[in-house]
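In the two complexes that follow, subunit A is the common piece, with subunit B as its partner first and subunit C second.
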Partner chain A sequence: MPAREGTYGLLAEFDTPSDLVRAARQARQDGWRRMECYTPYPVEEAAEAIGFHRNKVPLLTLIGGLMGGAAMFALETWISVLAYPLNIGGRPTYSWPAFIVPAYEWTILWAGLSAAFGMLALNGLPSLYHPLFNAPNFRDGATTDKFFLCLEALDPKFDLAETKAYLAQFQPNSVVEVEY
Partner chain B sequence: MATREVKPNDPMIDPATGEFRVIAQGQTFRSITEKIARIVLTPHTPMGWFGLFTVAGGVAVVLLTAMTWLFLVGVGIWGITQPVAWGFAIINFVWWIGIGHAGTLISAILLLFKQGWRNAISRFAEAMTIFAVACAGMFPLIHVGRPWLAYWMLPLPFTMTVWPQFRSPLVWDVFAVSTYATISVVFWYIGMVPDLATLRDRSQSKIAQYFYGMLSVGWRGSVRHWMRYETASLLLAGLATPLVLSVHTVISFDFAVAVLPGWHTTIFPPYFVAGAIYSGFAMVLTLAIPLRKFYHLESLVTERHIDNMGKVMLATGFIVAYGYAMEAFMSWYSASHWEAFMFWNRVWGPMGWSYWVLITCNLAIPLTTLWSRKLRTSIPFMFFISIVVNTGMWFERFVIVVTSLYHDFLPSSWGTYRATKWDYMTFVGTLGFFTFLFLLFVRFLPMIPMNEIRMLLPGAKIKPKVAEAAD
Partner chain C sequence: MAHDAISHDKQLPADLGAPAFVDGWKSRALIVGGISMCIAILLIFLGNAQDHLGFDHFYRAWALGTMVTWGLCVGGLALLMVQYCSGGKWGLLLRRPLEAMSRTLPLIVIYWLGMAAGMKRIYLWAQYTNAEATAKALKAGVINELQAHCLDFKRPMLNPDAFLSVSFLCFAIWGFYTWRLNALGLKRDSEGPETTPYWIKKLENISGPGIVVYAITMTAAAIYWVMSMDPTWYSSVYGLLFLVGQGYATLAFSIIVAVSLSKAEPFKTILRQTEQHDLGKLTFAFVMLNIYLAFGQFLIIWSGNLPDEINWYLDRIRGGWGVIITLDFIFHWLIPFTMLLSRDLKRNKKRIVRVCQWMIFARAFDMFWLIEPNFKDAARNLHFSWGILEYIAVPVALFSFWVAYFCTQLKTRPLVQVNDPHLAEILEPEHVHA
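Showing the complex of A and B:
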């Protein structure tokens, strides 16, 4: 947990996604690591630019789906064979083809829930507070039409004055200091 | 071919492709955000909304009345009896859940096929899915007679130590429909989170900021979040696709696994799924046409959408036609006396009128007219067609349920089916309830996905440095 006082980082605002991607790519090349882009819609190039290529959502989904399907199939087998065996027209108690349908539905159910809630959990959401909401221009732009690059104070290269000058070379609309 | 019919200078036509534009020209990130967010954040609710809300609420009260009497007296107040023990409840269940399918198709299958035009209509089509499934889900619950014991359908450890019978399609239905409802709600909500954040940031009132702030779980548009979000959306779409195909398949099993002539047929799963999409697109049109007019969204829900939905209806309509043809063919080809009688009785028997309503509404009117691009882009005509197809698809389920049952194997047990006023009140009541929920959605939630529309705008293109230097 970082200290919750002082400067969180410097936030540069851009008008177009192209400007943001160019700045992010350059900053990454110059050795910045603690950085993040904020956009009003997914910009894949920006994620590539800050070196974020892969995520764990597919793995969680796979595990969730397999567990859901296996759990339902096991439950059906246990109920039909051991807990409550019924003779339905002489069919075997372990009539597995019929068990596939609910197991199939549960595979999808738990894969879907894992994808959705796994995504939120990996993103650290819900978290209703974030220092960036303190920036005066963030809330008007970040979810509407502006593109932001944030260089965070936790990066060893961070220095308030120098970093401000560094960000200015990308010609952003503004560079704002964000407090915790 | 069809493009030659239209004027070349029409601003709604993209000169590069000759197709209708997905979004009208001249829109920016801010203009579309304002346009969509204003509908929700305005302090002045249009009077028309209140008027419709009152009417829909009143009709929903009819449903409440019918349900109350049903719970007090029992299913005897309905027209169901022997031999037609499945009446309006099952017809309405299948009809409503079929309507829901178009929402999932638009949001999931068309997403996987990268059909950009779907973006503007996907959110309210998903909402339609959820409300339709809510209406559908009521019917099996009230049809069981003692709805307060509905939890017996679930595999729960009771003191009675009785468990569900997993070889029955009726138990499969419980899992298919409950999964469908859950995944639809999750998909819809996850898709809305970034837009709820936009509403949080654009709203002026404290209450709205708290409300949308809580719902948007602190979304801030970080690209790392966006990438996980995109992966999750794609995976959910990939999961919803086999799910939506399986749901109506399982519902068709309720019929097809029985040995009754008219139900016991292998064509049912594909024919039910196609019929579901057919009626679902009709319902999307029924909702979209008044909505775009009322909220002036013609620049976002364009003729292109109406036209494309017409094409999808044409295609699924023909699959449904094939289903009807196969039913007729198999009743002859099976050489089964009972099958042949059932089909003859369905078409020419005392309730044969319902079959001809079905053929008129589902085949004769739409499949002859939807070929014409002129008619497909005529808004009043498409509204008319949507009502016709919805009616036709309701009658399809009526024909399947009633005409297969009312003249069974023994002439001494033949009967008929006549719905009572309580049947009609329940059905009409769900239409009111559906509209009621939909109006609430339109007023309080973003009905068009702003974040997806932004990606379609020309400003969203990443330009390489060289090209930029040239401008």
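Showing the complex of A and C:
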């Protein structure tokens, strides 16, 4: 990706999640789309306020889980029935109850791994650089006690002066211009 | 600049009493219960005319209905104690409905007396109370050698006197905890907020040991009341299976009650999506734990393949019962599991209630699979008879009467406990806390 230049967006800092949610809701209502909330812990209403859309993580988890379960069950069946058939207590070689536990474990394992890595991949992680870290107050507050709303320059409504005034009406602690 | 967070808090309505439509539920439950009981009585005669098992099936179904309602009653008591120990806003939300569930104990005693009256029809050990009787029955071919041996060997534990005394002891203990927690719950509200820390500790100290006592007494009751229907078999996870099953049904019932109450104040104000979602997740955990224990028990007995254990499963798999256990697996686990996986469903009032209603049915269906194959006429031989329909009529009747009694209890006190620090939190907008 070619290096971008100019303004990434305007970052407003709030003290409480309520203020953030209120501002985000209003911005969404006023037609803003390229925006993002940053909070020290998950705030579900903030996600809803900026039009949280569905992602593909649940689907990846389901596919991962089913594949894991099917793979282990198939492996056990292949070992016990075809590769190395053993007579265990006179039971049939295809003794499915015994196969359930490892198959279940693999379902969980692969569902978990798919969820974790799927989430990272769909988030565009690992990412070595993000313009927001240029803002000192973001570096200090985003993981401790501050709540941020960023209106991005990619939004067609974005205009440096106007947007700055627009954000000021929500009475944030500060509005910072973030460079790429 | 920060806004005052309190400014958008919700206000608790002045009237915290149960809404008027609870009376409507009650009368509807009484009507359904009355009709079902009439059908159940009719079925006794139809059953008697067909295979002389009319009364037998009636009592077996009565036992099933008693077990389902008993599970909700002591399950409610147990969950009440759990939430006192664990804390959490879901606990405050459910406290009064759970108290009302625990106060249905007198009705359960009446149901249980009905079961005890039919003792001779549902328990072999009540039919053959001494070695002579067992020997005679063995000679006549009514019972087999294994049964005769187990009946004689287990007689010190499995006899009518022990059954009655253990049951009464259990009822007394549950009654004590029910009385204590309910009385203190009300007393707590009559005192000011400065007493809150005292009450939190006090109820924790009663509930903590109470949970252990509940687990032990509940196991004893489950063994006497259900497991001993087949005197030849035992499983050490049986009590735990019942415990988890009670949690499963109790949570499902609590969600139905909380969501249905939220059509009016005060639950309209205090039931937030967050807590509904939390309850859905907790229920999901019980769905998982339930299949984990049920399958664990099966896997161990299947692996052991011992002649004195495996018969219990063979009675419940062969002769058509395979269909029932497959359906049981689908009803009891697969459907709730796949449904409750969905985040949207857990946050949707209508749908989560549907799933919870289904779960209560599934619990009764599972109990059918546990109870009916204990008897000679049904083991490895699933067949239709008029008597089988008792398994629908009697439990529906007992459950309906129980719901009616529950509604009466629900109306006796305010639906929200106010002397609790969680109350302020539950009135806050949902995004304040993670």
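The rule is short, and it goes like this: the second predicted complex is superposed on the first by the 173 of 180 C-alpha atoms of A that agree within 3 Å, B and C clash if a C-alpha of one lies under 4 Å from a C-alpha of the other, contacts with A are read in each partner's own complex, and residues count from 1 in each chain.
One rule holds for everything that comes next: contacts are C-beta pairs under 8 Å (C-beta built on N, C-alpha and C of every residue); 3 or more make two chains touch, one makes a residue touch a chain.
It should be emphasised that the depicted structure is a prediction, and the values quoted were computed from it without experimental measurement.
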Report task. Check whether A:105 is in contact with subunit B, with subunit C, with both or with neither, and answer first, second, both or neither. Result -> first
Query raised in the report: Thinking of the overlay built on chain A, is A:123 touched by subunit B (first), by subunit C (second), by both, or by neither?
Result: first
Query raised in the report: For A:46, is the partner it touches subunit B (first), subunit C (second), both, or none of the two (neither)?
Result: both
Report task. Report for A:31: first if it touches subunit B alone, second if subunit C alone, otherwise both or neither. Result -> neither
Report task. Look at A:171 in the shared chain and tell me whether it touches subunit B only, subunit C only, both, or neither; answer first, second, both or neither. Result -> second
Query - Contact breadth on subunit A, by residue count: subunit C or subunit B - result: B
Query raised in the report: Looking at the overlay, does A:156 come into contact with subunit B only (first), subunit C only (second), both, or neither?
Result: neither
Report task. Go through the superposed model and pick first if A:144 touches only subunit B, second if only subunit C, both, or neither. Result -> first
Query - Doubly contacted subunit A residues - partners subunit C and subunit B - result: 16-18, 21-22, 41-46, 91, 98, 101
Query raised in the report: What residues on subunit A touch subunit C, complex-wise?
Result: 14-19, 21-22, 41-46, 89, 91, 97-98, 100-101, 171, 173
Report summary line: Per the touch rule above, subunit C residues touching subunit A in the complex are 1-3, 5, 8, 295, 298-299, 302-303, 305, 429-432, 434
Query raised in the report: What does subunit B use to touch subunit A in their complex?
Result: 28-30, 33, 155, 161-167, 169, 171-172, 175-176, 179, 182-183, 186-187, 189-190, 194, 197-198, 200-202, 213-214, 217-232, 235-236, 239-240, 242-243, 246, 250, 253, 451-452, 454-455, 459-465, 468
Report summary line: In the complex, subunit A touches subunit B at residues 16-18, 21-22, 36-47, 50, 52, 55, 57-58, 61, 65, 72, 75-76, 79-80, 83-84, 86, 88, 91, 95, 98-99, 101-102, 104-106, 108-109, 111-113, 115-116, 118-120, 122-123, 125-130, 132-133, 138-140, 142-145
